[in-house]
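There are two complexes below, and they share subunit A, which is joined by subunit B in the first and by subunit C in the second.
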Partner chain A sequence: MNTTENIRLQDTSKGRQLKDKLILGLVILLSLITISPIVLIIGKLVAKGYRQISLEFLIKNTPDTYTAMTALANGERIPGGIANGIVGTLIMVVLASAIAIPVGIIVGIFLYENPGKRLANFTRSLSDVLQGVPSIVLGLISYLWVVKHVTNGYSALAGAVSLAIMMLPMIVRSTEETLKMIPNTLKEAALALGTPYHKVILRVLIPTGFSGMFTGILLGISRVLGETAPLMLTALGSSMINLDISKPTSAVPLLIWEFYNDPNMIDLIWSSSLMLMAIVLILNLISKQIAKKTK
Partner chain B sequence: MIQDTIAEIKNPALSIQDLCVYYDQNKAVKNVSVDIKKNTVTAIMGPSGCGKSTLLRALNRMHELYDNIRTEGKVLIHDQNIYDVPAIKLRRQMGMVFQRPNPFPTMSIYENVIAGYKLNGIRLKKGEKDEVVERSLRDVALWDEVKDTLHKKGTFLSGGQQQRLCIARALAFGPEIILMDEPTSALDPIATSKVEDLLVKLKENYTIILVTHNMTQAARISDYSLFMYLGELVEYGKTKNMFTNPIDPRTEQYLTGKFG
Partner chain C sequence: MNSDKITKLVLSLGSFILIIVAAGMVYSLVVGSIPAFKTFGFQFIFSNNWDPTSGKENYGALPFIAGTLISSILALLISLPLSFSTSLFLGEYFKGTRVARILSTLVDLLAGIPSIVYGLWGFYVLRPLMIELGIGSQGFGVFTASVILAIMIIPYATSLSNEIISMVPNDLKEAAYSLGATRLEVIQTVTIPNAHSGIIAGYILSFGRALGETMAVTMLIGNSNKVPDSLFGTGNSMASVIANQFGEADGLKLSALIAIGLLLFVITALVNALGKLIIKKMQ
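Let's turn to the complex of A and B:
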């Protein structure tokens, strides 16, 4: 290699290094832009909401406007909490999961087992469409089905049905994708031992794909935890803890909406949002951990 | 072409008669007829794509998992056609070991060995289980290496150990015939030689059908060899005879490395 060529090579390498640095800088900048909203949101929620958070906040019902107003006027902390919302959210999410998880897993297994069948393709596309349906529309549907005809009034059951419909496509998809990732040889190994087919699914495929399916379920739950729109049309809300699923029930996101509409209770928005965020974040972290463990 | 010595096989462990396997319209195994002798290692050799694995997998009806594969012909075991008995029952008589070790990742070593019982819902007493596990692991010469870690996941073992674990899993259920689909192709030479030694030992109690594209392996451990080419059975005979004095020119060309 002669010297001129050598120099030219060095030149281009310098240019490349510069480009490399520029791109790196750009990537870092864009990453910062991406993460800044979540950092800012959490920062704001903590700064504004931490004062209200206490044991009382978790175990007491929402105060009425008058109590809140008096407390505000005296410069005191607003009494009461969001226990009615927490219990209502729990009831509805558990109910929704009880509906969506078994159905979702069974449909997911069906899609995995019959990749080419017309019914499976049809189901898969429809389930994708369902994932894109605006949540308020699902609330409307549940209103028509459950509120009007089953519980004859706003109810936790109606809320749970709308949330279940939201969760369903997520669980179907994650189940199918997880099962697809399991090598075929494992299925063959089980069959070669003379295992009946249903046991191959129950005892080998599901345990092997458990973590992936579980992650999908947790993500689905954390997605519906914060849903407000469908619940407005179905669960309506309640100022008391209500354990009857055929009666109107509160939920944390519904409470946030109510607090927003009441000038005396607007301070409670932050602490309730903080609670909701914390639950969603924790669920997210758990699902990440489980996914990591099994890799 | 079948050597004279073969014609005398009496009470074969397995009698394959006119077996054809189709992938869609493509005939991958063409009218193969072979009697497999009991308590021997029979090697199925041939170049890639000649249908060796396809033939092997027809024997425990693995092809039924896939819609596009069709099988014709008969395979007799104790004078009964395998296509007339339930696949589940058949597969319990025929263990299978795959190309890559595939222990169940959610199960411990111990559970992997008795997976056949567990998955089939056969309850064993604790003592019986321990006995089956120890016997099977001793059979595959793995017992001393894992006896203290029986309750760890099987996937923590090395590749060679995992493959021996998979053989133990196949043995635990007490099959008559063990089908092996290139069981050493994913293993290093030391692990390979351990598995080979094991096969020679195992033929005392089992009939082993081994697919291999490794000629020297077939020469080392098999008693009978079956040479396939383009889906056809070209030659079948005692391994010693085939390697020293092949009848068909294609066999000779393959064995001398002219193709394959």
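Let's turn to the complex of A and C:
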């Protein structure tokens, strides 16, 4: 090899190294851009919202427009809070969980116990389809089913049904995935002792897979907590705390939507969003933490 | 023996519930949209005239179908370089390091932010920025909605492609390194060819997410019932027209909105099925 060729080789090598470094820099830069919105969003919410948050904010109902306007005109803090939304969200999420968790776990166990069977494969595909259905369409469905035929009007139950259909596929999937990771020998040992099938499920499968299923449930809850669109078509909203599940009920995301549409209440959107987001993110982090520990 | 049979029955009962729910959804949507399709025929899908004035009511879904597709495709294009870089960061360059763990937690958090909070942030932070950049006098429009949508779908594409990228066998990469390949060349010749179908599936699934987003889009797209005349013009999407006009809807208008819901359901189901099919083929 003569010297000129050698130099040329070194040159291309340098070019390749440089290109390599450039792309690495680009990847790091773009990754930083990707996560910047989360920092910016949380920063904005905290900066704008923390001042409104107090005990009163949590235990009082939303003010009417006139009260808010007067407070604004006098340069005071808007009185009242989002208690009606918090209670409504709690009711609907608990109801939705009560519907979705048992059904989801049963379907998940069914899928795990019948691998390869046609009914199980079909059910799994359907569950996948359900997972992809936009939340607004679930709101329409619950409107057609519950609002029109069960409660004859907007209601917490209708909201809960739409949220339950949303949670269901997530719970099915996490149950099946968790059970798949349990060693078969555990189940076989129980069966060998002559344990009835339902006891194997209740005493072996569910306790062993509990933390995995719990993660799925928490993730499902944190997903539906922030849902607004389906509730607009089903629960509608209410300015009072309402415990009757057949009546229109408010929810924190619904309140945010109302505040957004009412120029007098604008100040309240940040604190309510901050609250909602804090709860959702904490649930998210807890479930991720449990998932990591069980792995 | 008997109790075992009961247990099995209960288990299959669960799956029947799920089948009934899914079948019932399709049934209700189809029945609900019959009046609209009866009145307008298939013209409903291709007509761009949305006029709720009573007496000369006319409903066409084209503006909303166009708005949904354009904003979602644009969102996918914007999110592509970002989520691809992030999945390379997580699954290749910094695989298994603490930085990658932190970054991946942050990206997951992005998926946890409620749609309405994205909408607020878009309205109060992004929209003024758009006005300053001279995009539309109000800052509303397809482009603004797409930017927010892009941020929202990044976690979905990232988590799947990251998973696939980090599954590429190490010995393949090591073989390339031993031949003197740089990291970039390993990515180009080993990682991407091995992982490309998973990466594509991730993008398809995240596209499916974008199609159905409601609140953030409603707050930013401008809600004008016409086919957007440019990427920076205003428009409306299928999900947001349902959310916006549902309150005062009954009769034919309600049926038209349900029909749009049915179309949205069909489109997202097809897109998701395609993504799932690609994943299944890979395994």
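Assume the second predicted complex is superposed on the first by the 262 of 295 C-alpha atoms of A that agree within 3 Å, B and C clash if a C-alpha of one lies under 4 Å from a C-alpha of the other, contacts with A are read in each partner's own complex, and residues count from 1 in each chain.
FYI, contacts are C-beta pairs under 8 Å (C-beta built on N, C-alpha and C of every residue); 3 or more make two chains touch, one makes a residue touch a chain.
Keep in mind that what you see is a predicted model, and the values were worked out from it rather than measured.
In the superposition on chain A, A:L119 makes contact with subunit C only, not with subunit B. When the two complexes are overlaid on their common chain A, residue A:I109 makes contact with subunit C while staying clear of subunit B. Look at A:S271: by the touch rule set out above, it reaches neither subunit B nor subunit C.
Of the two partner chains placed around the shared chain by superposition, subunit B and subunit C are both touched by A:P196.
Of the two partners subunit B and subunit C, it is C that touches the larger number of subunit A residues.
By the touch criterion stated above, A:D20 is placed in contact with subunit C alone, subunit B being left untouched.
By the touch criterion defined above, A:T151 reaches neither subunit B nor subunit C. Legend: residue contacts after superposition of the two complexes on their common chain; A:W257 is shown touching subunit C, with no touch to subunit B. Where the contact sets of subunit A with subunit B and with subunit C meet, they give residues 196. Those residues of subunit B whose C-beta lies close enough to touch subunit A in the complex are 60, 62, 65, 67, 88-92, 94-96, 98-100, 102, 104-106, 115-116, 118-121, 166, 169-170, 173. Taken in their complex, subunit C has these residues touching subunit A: 3-4, 6-8, 10-15, 17-19, 21-22, 24-25, 28-29, 32, 81-83, 85-86, 88-89, 93, 103, 105-110, 112-121, 123-125, 151, 154, 158, 182-185, 205, 208, 211-215, 219, 239, 242-243, 246-247, 257-258, 261, 264-265, 268-269, 271-273, 276.
Listed in rising order, the residues of subunit A touching subunit C in the complex are 16-17, 19-20, 23-24, 26-31, 33-35, 37-38, 40-41, 44-45, 103, 106-107, 109-111, 113, 119-120, 122-123, 125-137, 139-141, 143-145, 165, 168, 172, 196-198, 201, 222, 225-229, 232-233, 253, 256-257, 260, 269-270, 273, 276-277, 280-281, 284-285, 288. Only residues 116, 183, 185-196, 199-200, 203-204, 207-208, 210 of subunit A touch subunit B when the two sit together in their complex.
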